[in-house]
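Here the chain labels run A, B and C in written order, and each chain numbers its own residues starting at 1.
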């Protein structure tokens, strides 16, 4: 097997940290929304559930297109961002983070919701009668009891972010050294008929995905006595 | 204590819970078959459930007034709750469970209720560092009582606390409840479908049938020994 | 209960319909062509349809992608590339009929900016100015438009300095689209692309004498599904009528 070049390491490293950044970005809102969906009911809840699930079901390029319209320099968010920070979102690493965040979000919300639903509400009720407010109850009772499932959800979202392609290519393109991820690099190499180089990236990509999924399964398998 | 429930109405699946009562005994029993609405009544008093209508006041303090859309949050009611499945926090050990209310930073009134005292009275000394999952049924119940008592509640709600314990164990746990009444002076609302428990513990009994209070009175008035030592409801 | 009577009466109609459909399918001509030829070929496809009844189906994209697809066995009848190199690749792989190969068209490179952009350029070197942060360009490693651009920029010594600003796109029309959207400050595309878009304007044109030698070859693909229809379409492309259409869109004759 040929020695792995520094270029490949750069791409692998970049892919890993944008996936981590994207996952970190959606962590709090994802768990919060998962909690709302698990514990509360309201008119129009189905609408929220459906909209959140859309990136899971729509073609990623379609989601990418919507993101492009929003994050582009003439888009609502892109324009505001440029006014505030003096630099653009699209075709930079920031767009890659945004794309991975949006595509992983529904997965995180889904697994967070399941993990939180699995916590017996009785525990939360008793905690309230013992003097804990909703916040304290969440941090000391709900979260620790849901921890395993939540971590599994985060790992799953991270794995999804690692493999993101369709939306990424739309909002960030393929710019070597700047926005090239493992998946967009594989696509690019295939276009250039450099299949053997593509296989190397594919192996790394598969390895990372395998590791993340394995960890997620491990965490979900052992449940604490409830 | 003085618990006033006025015009309470909570629609349940098959009927509506409708209660109008003033409870003053040290231990008041709520007797009824499963599904009669007993648990729902406790949940409303604890603030875990909102009724469609009604007013609840404890010792003159209004906890709930549906008409004025006022409901005090459960953590501010100072009402303890021991649910049917004891609900000990599985991720905390016995001591952490017991002290949960103290960690919540609630100032306790009667300073007589200290950790040491509760542990002594309920015989929890050896259990402090144990994991909750390693406890026996009787031990779990005592820890659940201790946890609720340490929150210095003005009223303690107990939902079938002896359900699931064998007869011998039940006999061993009942004295602890009486001790809580006497040593700590905490009034209780005791829910059960078991006549023997009600007779052993309660000074006043409310009969709940399909959501309505059909009879009321001291145990002697409602129950008869038949055959001894067990009790059953007198036909009414 | 399904009523059989009416269903039976419908059956012959259905059969006829299926046959008619099959006949139409036989008349399809699959043309794989460079993205920059999109508009001209759409018009020529319509002319062909009216004249001969053949349905010309266009697969438009980067010539590099199309060549790969043909190599992988895609059912093409005609290949119209934006550079000779891709056609050479297919010729070496014996996938095209060399007797039918013609170098038909040429083009020039231009630098475009968004129609409302205030940017003014006197030469390619003006792309170095800080106001130009990003430049869209078709993928310079594979797509002809990008290869031509790289060839020219290397020749005038600007390639290395401009590289950090490039946003490579999948094909030349994608580069055009990105300039239209305003997400980049400028783009390098063919003159013919700039002409069809109202949302960009040409900021500077590479003089043909200085620019790269751009040549668009066309050829019949061997073992296509409709060789007869393919020949007819090729004849139309080479005819005076065909050349007029290409000229209308700004293409020049091959050098």
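Note that in this section a residue touches a chain if its C-beta (ideal position, glycine included) is under 8 Å from a C-beta of that chain, and two chains touch if they have at least 3 such contacts.
All values derive from a computational prediction rather than experimental measurement.
J.: Would you kindly say which chain has the C-alpha centre located farthest from the C-alpha centre of chain A?
T.: Relative to chain A, the chain whose C-alpha centre sits farthest away is B.
J.: Quick one: most central chain, C-alpha centroids?
T.: Minimum centroid-to-centroid distance belongs to A.
J.: Quick one: report the Å distance separating chain A from chain C, using the average Cα coordinate of each chain.
T.: Going by mean C-alpha positions, chain A sits 37 Å from chain C.
J.: Cα centroid separation between chain B and chain C, in whole Å?
T.: Measuring from centre to centre gives 80 Å for this pair.
J.: Could you please state the distance in Å, as a whole number, between where the Cα atoms of chain A are centred and where those of chain B are centred?
T.: Here the centre of chain B sits 46 Å away from the centre of chain A.
J.: Could you list, by residue number, the parts of chain A that touch chain B in their complex?
T.: Result: residues 120, 122-123, 125-133, 136, 140-141, 144-145, 224-226 of chain A touch chain B.
J.: What residues of chain C sit close enough to touch chain A in their complex?
T.: Residue list for chain C touching chain A: 62, 64-65, 68, 133-134, 139, 141-142, 166-169, 181-184.
J.: Given the complex with chain C, which residues does chain A contribute to the contact?
T.: Those residues of chain A that touch chain C are 68, 72-74, 78, 88, 90-91, 173-175, 188, 191-193.
J.: Which chain B residues qualify as touching chain A in the complex?
T.: The touching residues are 43, 46-48, 73-75, 77-81, 83, 85, 87, 89-91, 100-101, 103-106, 133, 147-148, 151, 153.
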